[in-house]
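The two complexes that follow have chain A in common; it is paired with chain B in the first and with chain C in the second.
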Partner chain A sequence: MEKFEPVIVAFCCHYCAYTAADMAGSQRLDYPPNVKIIRVPCSGKVDAIHILKAFERGADGVYVAGCLEGDCHFKNGNLKAEKQVQYLRKSLDEIGIGGDRLEMVFMSAGMGEFFARKAKEMTEKIRELGPSPVHTQLEQQARQKAS
Partner chain B sequence: MITAERKPLKEIMDYIQPFNRILLVGCNECVTVCSAGGRKEVGLLSSALQSAFLSAGKSIEIKEHTLERQCDPEYVEEIVGMMDGVDAVVSMACGCGVQEMARRYKNKPVFPAVNTKFMGASERQGVWAERCQGCGNCLLGITGGICPIARCSKQLMNGPCGGSTNGKCEISKEVDCAWQLIWDRLKMLGQEDRYLDIIPAKDWRTAGGGGPRKIVREDLAG
Partner chain C sequence: MSYQLDNKPDNRVLVVGGGMGGIRTMLDLAESGHSVVLVDSARSIGGLMTQLDRTFPTNNCDLCTLSPHLSQSGRQERIELLTMTQITGMEGERGAFSVTVKTAPRYIDMEKCTACGECFKHFPDCVRFTPGLDHRAPTCMRYPQAIPQAYSVDMAACKDLQALVDICPAKAIVPDDTEKTRTIECGSIVLAPGAEVFDPKGLDYLGYSSQPDIVTSLEYERILSASGPTSGQLVRPSDKKQPQKIAWIQCIGSRGIQKGAQSYCSSACCMFALKEAMVTKERFQDSIEATIFYMDMRTFGKDYELYLQQAKERFGVRLVRCRPHSVVHKQGAQGLEIQYLPEGQAQQVCEEFDMVVLSTGFLVGQQTREMANILGIDLDSHGFAKTGSFTPVATSKPGIYVAGLFESPKDIPETMVQGSAAACMAAGDLSAKGILSGQEEEFPPERDISGEEPRVGVFLCDCGENIGGVLDVQKLADYAQSLPGVVVAQSVGHGCSSQSMERITSIVESEKLNRVVIGGCSPRTHEKRFQDTIRKAGLNPYLLEMANIRDQITWVHAAEPELAAKKAQSLIRMAVGAAKMARPLADSTLPMNKNALVVGGGVAGMTTALELARHGHKVYLAERSAKLGGNAAKLRKTLEGEDVRAFVNGLVEKVKASENISVITGAIIVDHSGIPGMFKTGMQVGPQMFYRQVEHGVTVLATGALGNHPDQYLLGKSDSVITQLEMDSLIEDKPEKVKSWSNVVMIQCVGSRSPENPNCSRICCQAAVKNALRIVEINPDARVFVLYRDMRTFGLSEDYYQEARQKGVFFVRYSQDAPPKVDQGQDGCVKVVFNEPVIGADLEVEADCLCLSTGLVADDENNEDLALIFKLPRTKDGFFLEDHVKLRPVDLPVPGFFVAGTAHSPKNIRDSIAQAQAAASRARTMLAANEISTGAAVAKVDGQKCAACLICVRACPFGVPFINAEGYSQIDPARCRGCGVCAAACPAKAIQLMQFEDDRILAKLESLFERMVA
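For the complex of A and B:
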C-alpha cells in the first residue's frame, strides 16, 4: 500500500495563525506540506458547514487556529470558534469520521515556531489515525472511474 | 415559536437507508429561529448524511431546499417540480410541516429529521424554554403574564404546592416556581388582590381534551 499522506485543512485567523505561518516561513522553519492553509478574517468566522464540507470533500484532519485568549481582534471570536469545534467533534463522532480529527489551537502572530510544531504534530496524529473513511471511499470511487 | 431539536443522525439514516435520491426540506420559520431546521441546518445535515453514507460505502444524492413555511399548502406546492427526481423526502420542519408535506405528496415517503418539542421563547442565545401549552383559554391576564399551565410542573391554578422552596420548583433547582414568579409580578404591579381570586377548575376541552382542534374564521374560510 502506498504511504498515506494526510490531507489537513487549517483555518487560520488573519491576525494570528496566518501571520505565524508567514513567520515560520521567514524563519525557514520546515512544516509538512500536508497542511493546506485557508486564511479567515477571524477564527470565529469559521462556520460548521466549512468544517463539515472539508471532511465531506476528503480532508483527513481539520484544525481551526485562532488568537490567544483575550487577544481576539473581534473580542471573543476565538472562544466562539472553540465552542463550535467542541460541538462539532461530537457531530463527527456521530457521522463516523471521528471527533479526534478536528482540533482548535490558539497562538499569537509571533509564534512561528509553535505554528510549525503544531502543523507537524497534527500531521503525525492524523497519519497515525489513518485516512478518514470518506477519503478512502472517494479515492476508491476515483480509481473505479479511472479503470 | 415552535421549538425543535434535530434527531440523532443514526435515526435519520435508518429512515432513508433504502433510498438513493433524497429531498431535504427545511423551513424558514420557527425551526430556523431555534437553529433546528432552517437553511443552515439543511446544509449541515446534508453534508453529515453525505459523509456518513459515503463512509459506509453508499453514494446518495441529496437535494436541498428550504421553504418559506412548511405548514402552508401554498409554499409546499412550490416544490412540486422537484418531486419527480426524488425517492423520499426528509423534512426538517416541525410536526406540522412534516404532515403537510406528507398530505401534499402522498406517493413519497416523508420522514422527520427533528423532534418537535414545545412552544417556547428564547431565554438567551442557544437556550429555549417552554412558555405555552396552547390550552385554548389563556389565563395570562389574571396570572401576571406568567403561565401556570406551561411553567408549573403540576399545572396548579391557585398558588404553589409545598414543593416550592426559595422560589424554585421541587423537580429541579434550575426550574423557577411559576407561582413564585406570579406572586412576585402581581406584587410588583400592585395587584396582590388578584392572587386571592379563586380560579375555578379548568375546562380542558379547549386544550385538546375534546379531540383534535380546529379554528374556522368564517370571513376568511372559503
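For the complex of A and C:
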C-alpha cells in the first residue's frame, strides 16, 4: 500500500487566517501540500454541515482558523466557531471518526510562520492518527468497483 | 465624464507624506470626490506605524488593521502615488498652487514589476537598509504588504547589471532610469511628513552605541514583530537568549533632560512603553520582569488610564518614578546595570537587567524643515508647523494644512483625526466641489445569464517564475479543460497585466462564458481587478472564482513540485465546482440623502455644521438648550492666550448667518429610523415640545460633556473653593481679587483617576498651568502650589509647565493614598495640609483660594437616551465608543454616525475643533456618493423556511436580524456586515450568505474529494 497522505481541509477566515496563509506564501515558508484552504468571510460562518460534509466525503482532518481572541472583524465570530468546533469534536468521537481530527486555531494576519507551523503540526498529527474510517471505507468501495 | 472633472487642478490636493495621517487625508479626499497626488520620500507608503508590532490600547497586530487601508490606497482611482519623491519648489497661492517635485530613480518599472522577488533572491547585495535590528530584511519592501508592491534597486551596490536585468522575468528593471522632475498643479496642500525618532547615540551614559542589548523602543518593536529580524522571537541581540529582566527608560530625547533633547513631551511614549511591557509579558513569559523608569506617567488619552491600571494590576508591570543616572555594562557581568535613586530614598541603587529599552521621542526631521522653508510656512522653535488654538490644522500659509506629528507630537488616533480634519480644510479651498457619479467607469450592460448552462473559462497565470517555475501551467490548463463545464482553459502569463486582462475580456465575450475562474494569486489582493475585467465583458462581477495557486501553492510547496501540481489540480477543480454555483449578485443601491443632522450646538457641533454647510450640504443643528455655545461659552482664554469668548461668539454668528444651517434649539431627540444615507430623526422642540422630524443621510454627535462637580475639598461649601473653569473667568473679570491673594493652592485629579471615575480628564493639567501662569503674571508675589499626581502637560504644553516652574509655581506631588487635607481656615481662607515628598514633611498652607481641577465627565443621562435611540455603544464611563479606537476615532460603529468633541472623550477646544473638522470630512466621504451601495455579501432569509426561532437574532454580532410582521426573520441588507454567523447558526438553513452560499462551499468540498471517490 502506498504511503498514507492525509487530506486536510482548512476553513480560513478572510481577515486573519487566510491572510496569514498568504503571508506564509510571501515569506516562502514550506508546509505540507495536504492542507487545502477554503476561504470564508469569518470563521463563525463555518457551519456544522460544512465540517461534517468534509468528513463524509473522506477528509482525514479539518481545522477552522480564525482571528486571535478580540481581533475578530465581526466581534466574536471566532469564539462562536470555537464553540461549534468543540461541540462537533464530541459528535465526531461518538460516531467513531474521532474528535481529534477536528481543531480550532487562532492566528492574526501577520502570523504566516504560525500558519505554516500549524499546517505541519496538523498534517503530522493526522498522519499519526491514520486515514479516517470514512476515507478507508470509500477507498475500499472504490477498489471493489474497480475490480 | 466625472473622471475628467475630478482630475482638474482646481479639484486636486497635494498630500505630502504617506504615513497614517497622509493616507487618511488621501482616502478621505478621494472618497469625497477629489483627486489626490500623494508624495513620499520613502520607497513605499505606510510611515512609522508599519514598523510597530502591536498597538495600544488594543494590543492588536498592526499589519492586520493597516493593510486593508493600504491596499485601499493602492486601488482608488483618483489617487496618484509618487514614492521616492520630494518637493523642490512651490509657486502660486491658495486655490492655484504649482508645486515642483523630484522623483529619485527606482530602476524598476512599477507597471511591470510583479514583486516576485527573483531579483532579490539572486542579488541580495542590492538590498537597502530597512529599520530593524539586523537591518537587512529579506526584501527592500519595508514590510510584507508594502504599497506600491515593487522592489527598488540600489545601483551603487550592483556589480553585474546585465545579470540583474536578465533575472527579472517581467523585464521590469530599467538600468537607465533617471531622476524625474514634474510640476503638480493643485488647489491646496496637506503636509503629513511625520517625524523622526531621537537618536540616543550621543548620550554616552546610556551606553546605546556600545551595548547591543540597549535598544530603542522602535527597535524593540521590530524584535517583537513577526515580520522583524527575529521573526517575532524575543531574543536579546548579544547572545540570542530570551531576556528575563527588561527595563524601559522614558523621556529619552524628550522633556529637555539630556544633551540634544527636545523640551517638549513626545506624548506617545508612556503608552508605547506600557504596551511593550504588557505585550512582552503576555506573549512570551509572564515571569519576565518588566520595569518602567518614568517621570510622570502620561496616560491621558481615552481610556488610557484603564490601560495603565491593567499594566500594573493584571500584568504586574513595575513602575519606578525616577530618572536613572546611567546604564553601564560591568566587565564580566552578564547584564546591564542601571543606577538610580528611588523616590524618597537617599541611597543610590544598582540593579541589573538583561535588556534596556530607551523610549525615544519624536522630532522634526531636517528634510521636513527644508520642505517648510520651500513652502514658506512658519515653524515654532522646535520645528513644528505653527497653527492656532482655533485653527488646529491650518499652517501660517493659506491653503496649506498640516496633520500628524509635524503639527505636534501625538499618537495614532490623534493623527487620524488630524488627517481627516486636514482633508476637510483642504477640500474647502477647491473651487470644483467633488461630486461622485454613481459609476466610476463606463461598463457595458450586464448580460442576463439566467437559464444558461454553466460555461466556465479557466485562466491561469504563470506570474513569471512565481507559478511557472514550480508548476507546468500548460499542463494544468489541459487538466482544467477536461473538467465538466469548462469551455476554455488557457495560460495567460501575467494575468493582471492590462494586455492579459483585455484578452480575458475578449474571450469571455467571444466564447459566451458565464463563469470565470482565475488561477493565480490571492483574491485578497486581486479579486476586485478580475471582477472589473469580467464586468467589462458584460458579466456580473460575482460570477468569478479565484484559485490561489501562487501564495498557497507555488510559494509554499516549491520543494515538492509533484504534490504541488496535484494540489493545484484540486484547487482548480474546487474553484470550477464553486464557480458553477455562483449567482449574479447586485450591489443594491438607494438614493443618498445629502443632508446632515448635527446633535449638539457647542464648538464641535457648530464647527462640523459650518464645514458641511460650506461644502453645500443642508445641516440641521439640534441643540438641547436654548442657545448655542456649549461648554466653551464659559471659557475665556486658551493655554496659548487666545480669546475663547470672541471665537465662540464669532462661530455663533457664522452659524446663524449660514443659509445651509437650520438651527433647532430646545430640541430633544425622541426617535430615529432608517438606514445610513436615509435616516429620519424625530425631536420635540421648544417650550411647547412640538414634534418635528428631519430627514438626513448622516448624523454627527457633538453632545459635549459636563463639568465635574464632586463633593470634595469643601467645593460648594466655601466661597474660597472654586473649579479651574471658575478660576478662568475670575482671573479675567476680577483681577483685583487675584492681586489680593498671598497663597493659592490647586489640587489636580479631583474626581478623576479615582475609583468612581477612573479616567484622566486630560485637560486639567494644562488648565492648572494656564491659570497658575496668569495668576503669577497679575500677582508676581502670590505663591501658587499645584498639588498633582502626574503632571500630564503632554506635547507642546510641556513648555508652559516648564515656564510655570521657572516662574516660581510650586509643583508638589501627592499620592492617591495620601491626598491633601482641606479644612475651613480663618478669614475665609482654606487650610490645606499636604506632604512634600522632597523634604519628606507635611506642609500647611493658608490658601486665599483653593482651586480644584475637576475635569469633565460624560453627560450620562443624555448620552444614555441618545445611545438607546441611535443604538450606539458607550464606554464604561458613558462616552460614545468609536468604531476603532486606533484607526477610526471619529466614525461610530453604526455606519453613517460620527462623533466630535467631548462627547467622544474629554479634550480641549483645539482638539475638539480638529475632531469636528474630521467628522465633517468623514461625513463628506459618505455624502459625496449619489447612491447608497449596500454591497453584495449580505445574508438573505428564505421566509418560507424560517421558523422564527430567534437564533439568528441572538447570533448576529451586530443585532441586525429581527422578526418582521409576517412572522419571519428579516435582515436589513444595508446593515448586514456579511460575516455569515447567522447563516451558520440557522437550524432550518433558511439564511444564506451571498457569495458564500452553502451550495458553493459544499461544491468546493465535493470537487475536492471527487477523485478519491471515483
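Note that the second predicted complex is superposed on the first by the 147 of 147 C-alpha atoms of A that agree within 3 Å, B and C clash if a C-alpha of one lies under 4 Å from a C-alpha of the other, contacts with A are read in each partner's own complex, and residues count from 1 in each chain.
Convention: a residue touches a chain if its C-beta (ideal position, glycine included) is under 8 Å from a C-beta of that chain, and two chains touch if they have at least 3 such contacts.
No experiment lies behind these values; they were computed from the predicted model shown.
Of the two partner chains, chain C is the only one touched by A:G44; chain B is not. Using the contact criterion defined above for the overlaid structures, shared-chain residue A:A116 touches chain C, although it does not reach chain B. Look at A:P133: by the touch rule set out above, it reaches chain B but stays clear of chain C.
Using the contact criterion defined above for the overlaid structures, shared-chain residue A:E94 touches chain B, although it does not reach chain C.
Within the superposed three-chain model, A:R28 lies in touch with chain C and out of touch with chain B [touch as defined at top]. In the superposition on chain A, no contact is made by A:K125 with either chain B or chain C.
Legend: residue contacts after superposition of the two complexes on their common chain; A:Y15 is shown touching chain C, with no touch to chain B. Legend: residue contacts after superposition of the two complexes on their common chain; A:L52 is shown touching chain B, with no touch to chain C. Common to the chain B-facing and chain C-facing surfaces of chain A are residues 48-49, 53, 138. Put simply, chain B touches chain A in their complex at residues 8-10, 40, 43-44, 47-48, 50-52, 54-57, 59.
Note for the complex: chain A touches chain B at residues 48-49, 52-53, 55-56, 91, 94-97, 132-134, 137-138, 141. Those residues of chain A whose C-beta lies close enough to touch chain C in the complex are 7, 9, 14-16, 18-19, 21-31, 33, 36-42, 44-50, 53-54, 57-59, 67-68, 70-71, 73-77, 80, 84, 108-113, 116, 135, 138-139, 142. Put simply, chain C touches chain A in their complex at residues 58, 60-64, 67, 138, 144, 225-227, 231-232, 522-524, 548, 550-553, 555-560, 563-564, 566-567, 570-571, 574, 937, 955, 957-958, 977-981, 983-985, 989, 993, 996, 998, 1001-1002, 1004-1006, 1008-1009, 1012-1014.
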